[in-house]
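Each structure below appears as structure tokens.
After this come two complexes, each holding chain A, first together with chain B and then together with chain C.
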Partner chain A sequence: MGADVLNNVNAMPAPTWHRLGMNETAVELPEGLSFAAQVEVEAAAELIGEAGAFDAAVAALQERVDAARAAGPADTRAILKAVDPDVDPADLDIPALSTYEHKAARQEMANNVAEAFECGMGEQATAWLAEAAGKGAATVFAPAAGKHGQATVRIAGVDGAANVAAIDVVAPAGATFDLTVSLDSPAAGSGVVGVVLRVFAGENAHVNVTSVHTLDETWMALDDTGIVCDEGAFVTVRHRMLGAGKSYTGLATDLRGDLSRVDVDTRYLAAGQDVRDFNYIVRHRGKKTRCNIDANGALMGESKKVLRGTIDLVRGCKGAEGTERETVLLVDERVENKTIPVILCDEDDVAGNHGATIGHVAADQLFYLKCRGLSQEAAEGLFATATLEETALAVEDETVRAGVGRLAGRLGIPYQEVEG
Partner chain B sequence: MADENILLNVAGLSAAVDEKVILHDVDLTVGAGETHVLMGPNGAGKSTLGHVVMGDPEYTVTGGKITFNGQDITDLSTDKRSHAGLFLSFQAPVEIPGVPVSSFLRAISAGRPGVGDMKGKQFRKHVKELAEELNMDPAYLDRELGVGFSGGEKKKLEMLQLLLLEPKLAFLDETDSGLDVDALSVVSRGMEVYRKRCNGTLVIITHNTRILEHVDVNRVHVLVKGRMTAEGDASMIADIDENGFEQFEQAAAAAAE
Partner chain C sequence: MAKQRTEVADIDRSLYDFSYGDSTEKLEAGLTPEIVREISEKKDEPEWMLQHRLKSLEIYRNMPTSDWGPSIAGLDMDNIVTYVKPNTDQKSDWDSLPDDVKNTFDRLGIPEAERSYLAGVGAQYDSELVYHNMQDTASRMGIVYSGIEEALHDPQWEPLIREKFMTLIPPTDHKFAALHGAVWSGGSFVYVPKDTKLDFPLQSYFRLNAKGAGQFEHTLIIVEDGADLHFIEGCSAPKYNVANLHAGAVELFVGKNAHLRYSTIENWSKNMYNLNTKRSTCDEGGSIEWVSGSFGSHVGYLYPMSILAGRKSTCTFTGITFAGTGQNLDTGCKVVLAAPETSASIETKSISKGGGVSTFRSSVVATPKAENSACSVSCQSLMLDDHSRSDTIPAMDIRCKHVDIGHEATIGRIGDDKVFYLMSRGISEEEARTMIVNGFADPVSKELPLEYAVEMNNLIKLEMEGAIG
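The block that comes next holds the complex of A and B.
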């Protein structure tokens, strides 16, 4: 039945002080889980692709990566020599490397897209999710080149079970694809609801991923995503982590192709004893690649949240720019919030930006809201309401909207139904 | 003005920010259903007066009294002043990322007679009608509050809130500034609708006499260096348009000595 505890989940690529307790987390799974694999897929039949399509797309990209590398000049940097087992130890120019640097240098030497591929939650969690989903059971969406497609995958809680979907999206050149994933718990019970998603966005492809969690507090959500972008590809990710007693979200993106881009727009809510744990990693490998990670959340009750955001500007990504921002509203004094923006840089001519606003409603916003009749408490409540209503407006799916409405009722948050 | 018609009475109001006095012993009396214009050069304290009347915590009231609808509101919280019927249209409305306009409008309507009692569908229909009345694309209602709005759209949203909440008295703080001709006419229309629909009372803070061309003004007040230096009928507008504020600045300087 697999491990009872998943270790090294949502680990930061380059750890900070261990005493801060933020480098990674351990996920204690509920006891006696069975595997349910009850997933509802809504998509046109022609969008369903063949098993192995993701690996084939990565292999095709590898061929071009290798060809480009062969044409380039040899790299003579000492940092690469440092990971070469045949290097002469007498060479004192070789630097001592941290574990992270060692791994990064090895990846750079190998330049292997498949080996470097990762999902944000880390190896152990990704493997467990794949096992829970059933080996070889991934749903593959593969729109035709230059065509548009959309799909919705609904994963509902099954009492006493881990109900997990494995999804591959392979968008070839010029394709656009919209995927909505709903993690919901319409029926009472407890267990794990999860998704492991791999996305390959081909040349100039555009993939939009929306994942919405509207689970009750008795459920755990595991949301694990890995993305590879070819040249000019653009992936947007909307994460709406609104429910679940504990939710763990990992997202890793390999911006391999020049001019590729990923935008992550995250909204989260946590109340009571809820836990929200995020790990976002964007590796800029291609030239002039872009990323924007924008997270907004409200923490209520005694909830806890940690958001790790790593922008890795890998050597060679000239002209790349990565930005991460977070706004956290602390509604209750008892909440625990941790925000860890990290920018790793091994290239010049790049830009890495980060910013975080943590606390209560800004003074100018609060005065404006008070001028419209809202007390401080009502003003802070508005942000929770708005998070739910924004999701219902943005995601035109009745299951999602019903889940949001149910969540609003459970949390006692004023909420107006959105018309279809 | 008969006492029973007085809606807002500001008497001897002084206010400071960081110990710097901005308003000096200001008097202002506005009758129900009237339209007053507050003019003055830049930095005179016009916006400050609007903010202090609304209870902006950035300012400390160091003297005087504000009475609204017969109630002393000098120490009342801002949200309660709003529910009492006061409204301030902001010169630079804030942006609140993550909050859709529709959620915001619903929240500010809660607990208010009429609009607060409307059911979801009825409320949405009402808001949509108001948006159309102001030539505002209803798609804005699904967008985040103020985010990516043009200056004109922000001001239209202020007018939409004015028509939605129907306050007893509204300070319009340079609602006309930076607007093109079309947006200006929409704001003018909004003011007119507000006045007619609920016998609204306006205090218009402006530099631009153009916005006043289609408004029947009852009184004009001139604020210079935090002091009320002149008050008169609508004919003062043309005079100020022609001669500026220099004549009043001398009076303010004399008062300061």
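The block that comes next holds the complex of A and C.
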């Protein structure tokens, strides 16, 4: 059933030293997986759209993109000259571009929305997930223009299988849509649970995506998302990567339309020998686009985590602002945390900011808590408890809440049932 | 009339872009075992060094070029002359040098700097040191500052050099470290005895004058326990229409409670591939300070690395990079927190203009031994126009619970609000922008000795021009 190893997964657009082991990862799939395709979808019937809706929406956007390019001035920058196959690499007046700068320049010249579309986990993983979900089996959610809709997709582990959902969300102008995706393992077993999600947010549409992983440690989670935003579109993504022995999360967003925006709010927990591997890519192409990536997590036991975050400010995105922040709490001695917040900037009239804070509970916060009788361990435990309870508060779906409760019990984290 | 963007001019390089002729003796271009043997033979080296060179050459041949940085497709090693001997032996008196060499360093201001404030100077012209001198006071303190090849032939220092040479930067580190190991020539050796503090800096200046040549100097500095040194390195070359290559190596050993400040202004011409490697290690309580200015070069790869191996050792890195037309400068630093209670502070600035590409690249690694260590990284990038590029790629690999690692980065252009503020106080737009850019570079220039701050200001002489309004 397809590849045993998925290569070049969660690859950063701009790689760095290989010896750091951060550029990308290889995902070794469990042997002998079958494809289960047992996905539970809860949505009103009128929300279900037609296959091909996503591609049609991208094609329609392309027409406007082409028209805007034709109306603009020609781009004569030296950086683009470097892409000319006839250029002499020894020409000292043209910058010697790296491989990724070369690719970025070619993409700028092509200006093709469909070709530039990507999911965060990379081509091979995306293709495998689509195959595992079943060819042409994508569930398409397409609310009507200006209307609101919501849906929940539950993907539960199937022992010995890869159970994957393929989902397209096509939100036309002015629509709002809430999607909750649950990757859970209510029954014992092992295998892969995954989702490949494509989102097209039309003009002034607002899409909220919440993805919650509450898998036990015998399961692997693959969560792959690609988003295209038209003018004024706003997508919020809440990732709650709380469980799974290994989880790989990729998210790529093309802020193609002016004034479009994506907010990514991520909370993760890892315990034992868990692996959390993230790749976030936001490409600002439209003017005055915004992105906020905010990740918070706690690493316990001997867990390992990599978070790659790339804000790509493509030429032409004047007035764009991209911000990325990560706070990591290292609870135990043997954890490994890798963080690489990247800003790629090909435009001057922009603001790109990133920050990271990695370590233990801050001394002043710890002092405050100790004054109230809490030990350092208890203070760190509060962080994990808060992450779980916040997830339960944020998600209305009872099945997802049950998964959070079950996970808390397995991890030994104090947890109180909360009302949403 | 359409409003036109105010332009910031390129660096004025005429101060460095001159040549009084070529050196007299060159080996053939290219890289073969025969060339490597010939270099070793000319230097009458010990056998272990020849074997080191040949092994490095083998590593070079089998190692791929990096695939993450600026392209070096325009660098053809078959066209690079790896050894160019100037028409003089090493002197300790400027007047004894041939006119072309003396005039070159005169024009660069090195003899004057030596007279004014330096405790010693080494000057390399192409592949060999042509001048080396140190004040008697420094000699009397037991400080050794000589050409590294000279020290290699001294029975007192040969064992120490053999013990340390290319241990911090092994030839296996990367392809151009291997190249350096094979064809290195010239460079300085500094030994500062225990508890010795030198009040005035030592300086090495590297001038690559020959067209289509490479410079591969090796700097080895050992600062013993409790000692203190400020070392300054300067580099320049005239511009040619073919590629030149610089693949030097700097290895710095900082002892217990010792302190070393290593200041560099890399100011190569824009046909230079600057693939330089610098690395330091600090013992308990030791501290290393890097002050680094990267200008010039067609392509630059430069990431000074600090290994904080001893408890309470510290590192500060202050750097600035200016990438103009035709340049792709990939610079930054690496830090390894490998012992308890270490700390590192990194502050960098980069400026891109005229279609230039600037990348800040860093890595901070905290090993499991780095209990109670801390590191802060701050990088700021300034885009002076909309056809340049500036990227920031900072990596952090943290494997220790009790650490505090902070990272902040910003990219943007000169804020209109800042320009408006200054203009509302009667300053012209051109002046306002110049002031802001100078202020941006200030954290680096204030770390340099006054004379070098002036040189740097000269290097980033930012002339404001263009129609306003």
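Definition applied: the second predicted complex is superposed on the first by the 409 of 420 C-alpha atoms of A that agree within 3 Å, B and C clash if a C-alpha of one lies under 4 Å from a C-alpha of the other, contacts with A are read in each partner's own complex, and residues count from 1 in each chain.
Basically, contacts are C-beta pairs under 8 Å (C-beta built on N, C-alpha and C of every residue); 3 or more make two chains touch, one makes a residue touch a chain.
Bear in mind the structure is a predicted one, so any value in this text is a computation, not a measurement.
After superposition onto chain A, the partners chain B and chain C occupy separate space and fit alongside each other.
When the two structures are aligned on the shared chain, A:T387 is found in touch with chain B, with no touch to chain C.
Taking chain B and chain C in turn and counting the residues of chain A each one touches, the greater count comes from C. Applying the stated contact rule after C-alpha superposition, one finds that A:V212 touches neither chain B nor chain C. Shared-chain residue A:V169: touches no atom of chain B or chain C. Shared-chain residue A:L251: touches no atom of chain B or chain C. Look at A:F367: by the touch rule set out above, it reaches chain B but stays clear of chain C. After the two structures are overlaid on chain A, the closest C-alpha atoms of chain B and chain C sit 16 Å apart. Across the superposed pair, chain B and chain C touch chain A at no common residue.
If you check the complex, the residues on chain A that touch chain C are 14-18, 20, 22-23, 77-79, 88-102, 313, 315, 318, 328, 330-360.
Those residues of chain B lying in contact with chain A across their complex are 54-58, 77-79, 82-83, 87-88, 90, 93-94, 96-100, 102-104, 106-108, 110-112, 120-121, 123-124, 142, 144, 161, 165. Those residues of chain C that touch chain A in the complex are listed here as 67-74, 76, 241-243, 270-271, 298-299, 325-328, 330, 355-357, 359, 361, 363, 365, 368, 381, 383-413. Interface of chain A with chain B (complex): residues 267, 296, 327, 363-365, 367-375, 378, 381-383, 385-387, 389-390, 393, 414, 416-417, 419.
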